[in-house]
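The block underneath contains the structure these notes are about, expressed in structure tokens.
Chains here go by letter, A, B, C and D, matching the order in which they are written, and residues are numbered from 1 within each.
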Amino acid sequence: MSKKAIKVATIGGGSGYTPELVQGFLDRYDDMPVKELWLVDVPAGEEKLAIIGAMAKRMVARAHRPLKIITTLDRRAALKDADFVTTQFRVGQLPARVNDENIPLKYGLVGQETNGAGELMMALRSIPVLLAIVKEMTELCPDAWLINFANPAGMMAEAVTHYTGWKKVIGLCNGPDNIQRDIVNALQTTREHVDTAFIGLNHLVFAKHIYLDGVDVTRHVIDLVTTEHQRVDNPGVGNWDRDFLQSLGVVPISYLQYYWKTKQVVAEEARAASHEGSRAVVAQRLEHQLFDLYRDPQLNTVPPELKKRGGSGYSQASCNLIYGLYADRRDIQTVNVPNNGACLDLAPDAVMELNCVITSHGPMPLTVGHLPVAAAGIVREMKAFEQVGCEAAVTGDYATALKALTINPLVHSDVDARPLLNELLLANEAYLPQFNFAALRANGTL
Amino acid sequence: MSKKAIKVATIGGGSGYTPELVQGFLDRYDDMPVKELWLVDVPAGEEKLAIIGAMAKRMVARAHRPLKIITTLDRRAALKDADFVTTQFRVGQLPARVNDENIPLKYGLVGQETNGAGELMMALRSIPVLLAIVKEMTELCPDAWLINFANPAGMMAEAVTHYTGWKKVIGLCNGPDNIQRDIVNALQTTREHVDTAFIGLNHLVFAKHIYLDGVDVTRHVIDLVTTEHQRVDNPGVGNWDRDFLQSLGVVPISYLQYYWKTKQVVAEEARAASHEGSRAVVAQRLEHQLFDLYRDPQLNTVPPELKKRGGSGYSQASCNLIYGLYADRRDIQTVNVPNNGACLDLAPDAVMELNCVITSHGPMPLTVGHLPVAAAGIVREMKAFEQVGCEAAVTGDYATALKALTINPLVHSDVDARPLLNELLLANEAYLPQFNFAALRANGTL
Amino acid sequence: MSKKAIKVATIGGGSGYTPELVQGFLDRYDDMPVKELWLVDVPAGEEKLAIIGAMAKRMVARAHRPLKIITTLDRRAALKDADFVTTQFRVGQLPARVNDENIPLKYGLVGQETNGAGELMMALRSIPVLLAIVKEMTELCPDAWLINFANPAGMMAEAVTHYTGWKKVIGLCNGPDNIQRDIVNALQTTREHVDTAFIGLNHLVFAKHIYLDGVDVTRHVIDLVTTEHQRVDNPGVGNWDRDFLQSLGVVPISYLQYYWKTKQVVAEEARAASHEGSRAVVAQRLEHQLFDLYRDPQLNTVPPELKKRGGSGYSQASCNLIYGLYADRRDIQTVNVPNNGACLDLAPDAVMELNCVITSHGPMPLTVGHLPVAAAGIVREMKAFEQVGCEAAVTGDYATALKALTINPLVHSDVDARPLLNELLLANEAYLPQFNFAALRANGTL
Amino acid sequence: MSKKAIKVATIGGGSGYTPELVQGFLDRYDDMPVKELWLVDVPAGEEKLAIIGAMAKRMVARAHRPLKIITTLDRRAALKDADFVTTQFRVGQLPARVNDENIPLKYGLVGQETNGAGELMMALRSIPVLLAIVKEMTELCPDAWLINFANPAGMMAEAVTHYTGWKKVIGLCNGPDNIQRDIVNALQTTREHVDTAFIGLNHLVFAKHIYLDGVDVTRHVIDLVTTEHQRVDNPGVGNWDRDFLQSLGVVPISYLQYYWKTKQVVAEEARAASHEGSRAVVAQRLEHQLFDLYRDPQLNTVPPELKKRGGSGYSQASCNLIYGLYADRRDIQTVNVPNNGACLDLAPDAVMELNCVITSHGPMPLTVGHLPVAAAGIVREMKAFEQVGCEAAVTGDYATALKALTINPLVHSDVDARPLLNELLLANEAYLPQFNFAALRANGTL
């Protein structure tokens, strides 16, 4: 049977990660013929988009597959009749991230793109853009799947779910893959022997059960990932006190360090900021190097330097998901969708990151019951933050944003929240059209 | 109809608050004839018990009511056939509280008797004692009501509910009364015009709706309690950013400052510790003065100095509750019991502080639906802490205690939690028989 | 303080029950000054309305209270600025009820106005009228309380709750009062000694706990109401097998006989129909007699004959409720409102008949936890029927009505449901404007 | 890698279905080496067991596989170290079923082995036997999976789940397969193109969504299975009114006819009983014929006559399940386990029949959200019956059995329930050791 040809539109197509995505589509071309890949970006990203587009075309030429690469600033043209829309945009690009990291740090608070004040600002910038895309999709490609990688991926999926009628949205992150990799390494085995039940929120997910050839080895894995020599190299899981983790009984993603090592994280961030620069500064440097490589008209394969950039693996996760949806594969993948009763600790309509069977009619969550109470506590609190933050992003209401910041466990102070919010709003004014800056200035708030 | 005579046993009877309780029983004697009041204490409190017992007898003599005061160290004798058992003990007395306040402060963390590390330690010391009392009650007074004032009152009620089969337990606190007082003052009205729907946890409760003569004035009250001149004097509500509170939409108890002004609270505690002393030190000083007054053989009424001590109002709350249960009053009071579906944000079996109709067959919670999501977040997280802390108190398991401390939002660091826990355990060794210190020393943990 | 004057509009004011309501308002006039009582009816009821209006005016004259009686066919004028709107209308009046009873009986099925096929038809006729009233209230008296007595009272409250945004609606029935009366009689005591926890649906309610002076006597009451001589006279509770009821553990309303004595009920209905006539026929006869009395220009008090009519007690329930709302009485009454978590067996937004504290801001349900599983089963199934029936009433969709009838446990056959529905629809065509009879005839359905 | 050898114990091994099971194990031997199959039966079934054992050995010999067949009356020997225990016993064998069918029919009620009074009696006979097996498994094969086919399969799984601590139990039925077959036939396609989301209870299950190559065709299937010529041959789905089924929106198992065509079913059962005999009588006749075939020492393959017996397909379902568990297949199968949140209409611990991913650590339910409200109503009511019936089976309490019968929608009368129960109990006295017949006779109940 001949396979249905596919059109993919990638919003934020000028990203340095795009070549991985191109490679993924090429590798799977025979099973899943992506005939058109539209790379969309904004005017500010036009130069990068051109570089990436040229690079992508060289990769296609090398692979001898009839995959057409189109670069454009016309989002509507890209969305028209698309089968899959993937989003990997970053509003305000890396300079905005620099602010997200550095401004909170001035207040002695965690500065990070998907946690704390930085997460809120990224959500305020990105959610309106995503909702605008959904609105256009309703008109231009009403049967397409929206696969969102853009951060904060959990809040983005939550916002689409609760503020639009769009059902075919899936949030995706490579976090669970990274945990899985640490587990596989710790067990000194290979991936196909390990079955892990993930549950939680994006960047706040836990491996609740780990099975090695069908046997529950969760406690053993906790021992392994907390041994002295091992724990220095758990990029996915992080580095934890063994007694604490054994009592917790589940394996957290390393992002939990922002909540359960807060003081230490702030100290390390402060140190880095005054030496090699914050993570955003480092990322900018890496990105410049990467684009220098991409400019090379001889380069037609993904360069190994991409791995250093941090988000590597997105491409594989994305291609696996698209393939699962396309081919009704019914394999199990970890994605962000409404949990629908799978986790008894959050409402059924709350978006969670969890294992689903991927079918052509969408992901079907596998039930996991309760999280251990200690993990459920932070998950429930952070879902509250996500929901309040989404409301602030959609409404542009100052007080709601202030509330989001105050209740965030990395801020937890209405006294600190106000000047911090004001400084962040002013630094992001260009990207926050939903906020009424004139009125905020007029009434003395700003 | 002649009224049934009542026997009350008060555990921790040597407390300086006892005279208020005696006064309450005397004032209501005609409606509710408390014939015997047994004041029980431990050997370390024998001297205080004697002073209080003598004072109580003078009060009775003055009131000309046949209320018999019995002081004893024999708890079983006191419990035998009691109708009501009230608990107001403090294991380790005020010196233990000094540790609860000062040790966390050394780590830059909140030091407070019912929040953070202090709350955990108080729970570890107190819960085993309360469970022992319940065990004796099962044998000696199986139909009695247990009314617990001893802190941390929320965790204490949670522990009895989940670790014993005892149903007739009610946790009580004067916190809601203090909020109510601030609201009444702000509205410049009197108590009977105001109807407030409380919901949350002990020391983490919110006024969800405030009605003045049947009209919802919640937003107006928030305006009032956040005006400049008003908010300096809201001991019950605390002092909040107006935009934040209007967006929150409910009125918190002042204890929320530990969570939503954390940095500022720690700074103030550090300042106080190096000047007038921590709250425990001040309380010790006040207690000494109070007992000096009580020693006076002429004193036979509650001295005005008692109000300064901070817990005033307990007596009224306690007498109201006992009277409601005794007389099937069906009035509405705010107590700590399993919410039974009243709040949709926590499981039905979770103990909450909420409005109940008080009947002779117990408190019946009034439904309140959902908390605003921002308030629900912290309530859910803190209930998780309470449950983990209760488990640590019952099992004496080191790792569980470490987990409780790590997930507490006032600690939030496994790196800090370990040395802090170790120091606190060692300081409390005499009061923690459930922990196996020998084994913890042997394996190098301590 | 002078009390706020009240305007009440009573829809279906020409009912024979109205004099009781008038008497209730007169009796309470000093506490609750109802200054205007507007009695509204439809043209078909104009003669009865005139008789009732004249009777009411004579009662007012006798009582010397400034309560103005206005009779009108102009519903909008009556609703304008009303404080309370009570509904006691019966669309199609008693002749429609005759059909509701007799047509199902032809199929060997229960024929009854608030159960089975009769309940569905009454809902199909009445719900659109009630929703129209709510729409007018939104415009004309947006702060009024709507107190609905019109049957089927449970479905009516469910429909307003789920198909309008109107919050201030309370369904009311004298069923719980009748159960209470049987219990009080069985216990040979008086009402004030008995406290009963009601929970269930309208006409499907249970006394879950019965307390006599605070002691749970539920099992004892079950023994009493199932003794031979007692059970012949339990109009409220009904006549039950003792072993069954003891195992059930709760006391049902007598309407449960339609579900748990189905065959016997049908046999008795068939017997009655061929002798004294169905209940509707008897009721018509009683009503004629009653209106003959009301026509007497000397009559100015409620005649004792009203009690025979069956709905007696509505007036007292209604006046108690209005008074509770008006005066913020905070007493406990049994009404039909969304349960809000009070009962763990149905969703929080499902309307249930249950105990509430009545305040000036509305009824606040008291939590009751779970029903016994055997009672929960029928309650859950019947709520499903109610919801499907409401949908049929609102949409006028034939297949939905067919579904409602098929799943009703008194029908339980798609084979029987179709001809039965067709016959009922045709008999009620005049009262079902929401159904498209022309189309149903055109496509051969009818 | 060499595969782990498997021991299977089959309780009720003398069943005529056993040859199918043997064939299934032989067919899959290379993937799943069942080395020992222990066939256990009771003394009354000894002759049949011998016939089946000999037949099985001939099948093994023909297949040339080292599968050892052991027949025994010693259940403990069979359970010792078993990997899988399958149960297909029928307490009282077909004669008991004759009673289950004929006695209710005398009262004008449905007589059927897994619905109504028959279901209750089968549960009362079978549940204690299953719980005894579980007790022995705890001792003899604590890691084995228990796969129960014995009816009533839903109540059996519910009983093990709620009255033992045994977790590794799965209820299995070929009902979903039969629905699936009707759907595939109606769509004129093959099985692999169809994906059906099943949810409900055993013998009360619904196809909520049907996907054909990923497209939801549920409404289309409903049209197909309700066309005139089609619906006469839907053994799995049954024969339904099209409007009703379209409005229901899901495809029921044919057993729903007992609830939604009750009167018609009873009429047909009465007709059959007075002609060809009840289903049990027919089944007995078929069984005799089948065993006559099995006695033939030449027969060494499953005879085509087995298909007529009605339960065919069990073997395939069973082998698929065992293979899925053994090989960690992660395919989707429909089984009976606690739903764990998969269906929002029942408590998470309620056993349901639903789609699960089958892993080596057990079935993981896939979330399905809500059933349509009309289907949820009957499911919830029948789960209540199941739970009450399980309690009666475990306790042997007469009143609980009476309650179960009264609330069953196929009885719905306490007046009928008592004589019916009494007659059924007396007819089953030999199989109900948990009931105290002496006491019931002494107090006049029987």
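The criterion applied here is as follows: a contact is a pair of C-beta atoms (placed from the backbone, for glycine too) under 8 Å apart; a residue touches a chain by one contact, two chains touch by 3 or more.
Chain by chain, the UniProt names read as follows: A, B, C, D = 6-phospho-beta-glucosidase.
Quick caveat: nothing in here was measured; it's all calculated off a predicted structure.
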Intercentroid distance (Cα basis), chain B (6-phospho-beta-glucosidase) paired with chain A (6-phospho-beta-glucosidase), Å: 43
Counting only Cα atoms for the centres, state how far chain B (6-phospho-beta-glucosidase) is from chain D (6-phospho-beta-glucosidase) in Å. 55
Could you say which residues in chain B (6-phospho-beta-glucosidase) touch two or more other chains, in rising order? none
Overall pattern in which the protein chains touch one another (line/ring/star/complete/other): ring
Strictly by the criterion at the top, what is the full list of touching chain pairs? A-B, A-D, B-C, C-D
What does chain D (6-phospho-beta-glucosidase) use to touch chain C (6-phospho-beta-glucosidase) in their complex? 108, 240-241, 243-244, 246-248, 259-264, 373-374, 376-378, 380-385, 387-388, 397-400, 402-404, 406-407, 409, 412-418, 445
Flag every residue of chain D (6-phospho-beta-glucosidase) that touches chain A (6-phospho-beta-glucosidase) in the complex, lowest number first. 195, 209, 211, 213-216, 328, 330-332, 339-344, 348, 357, 359-361, 364-369
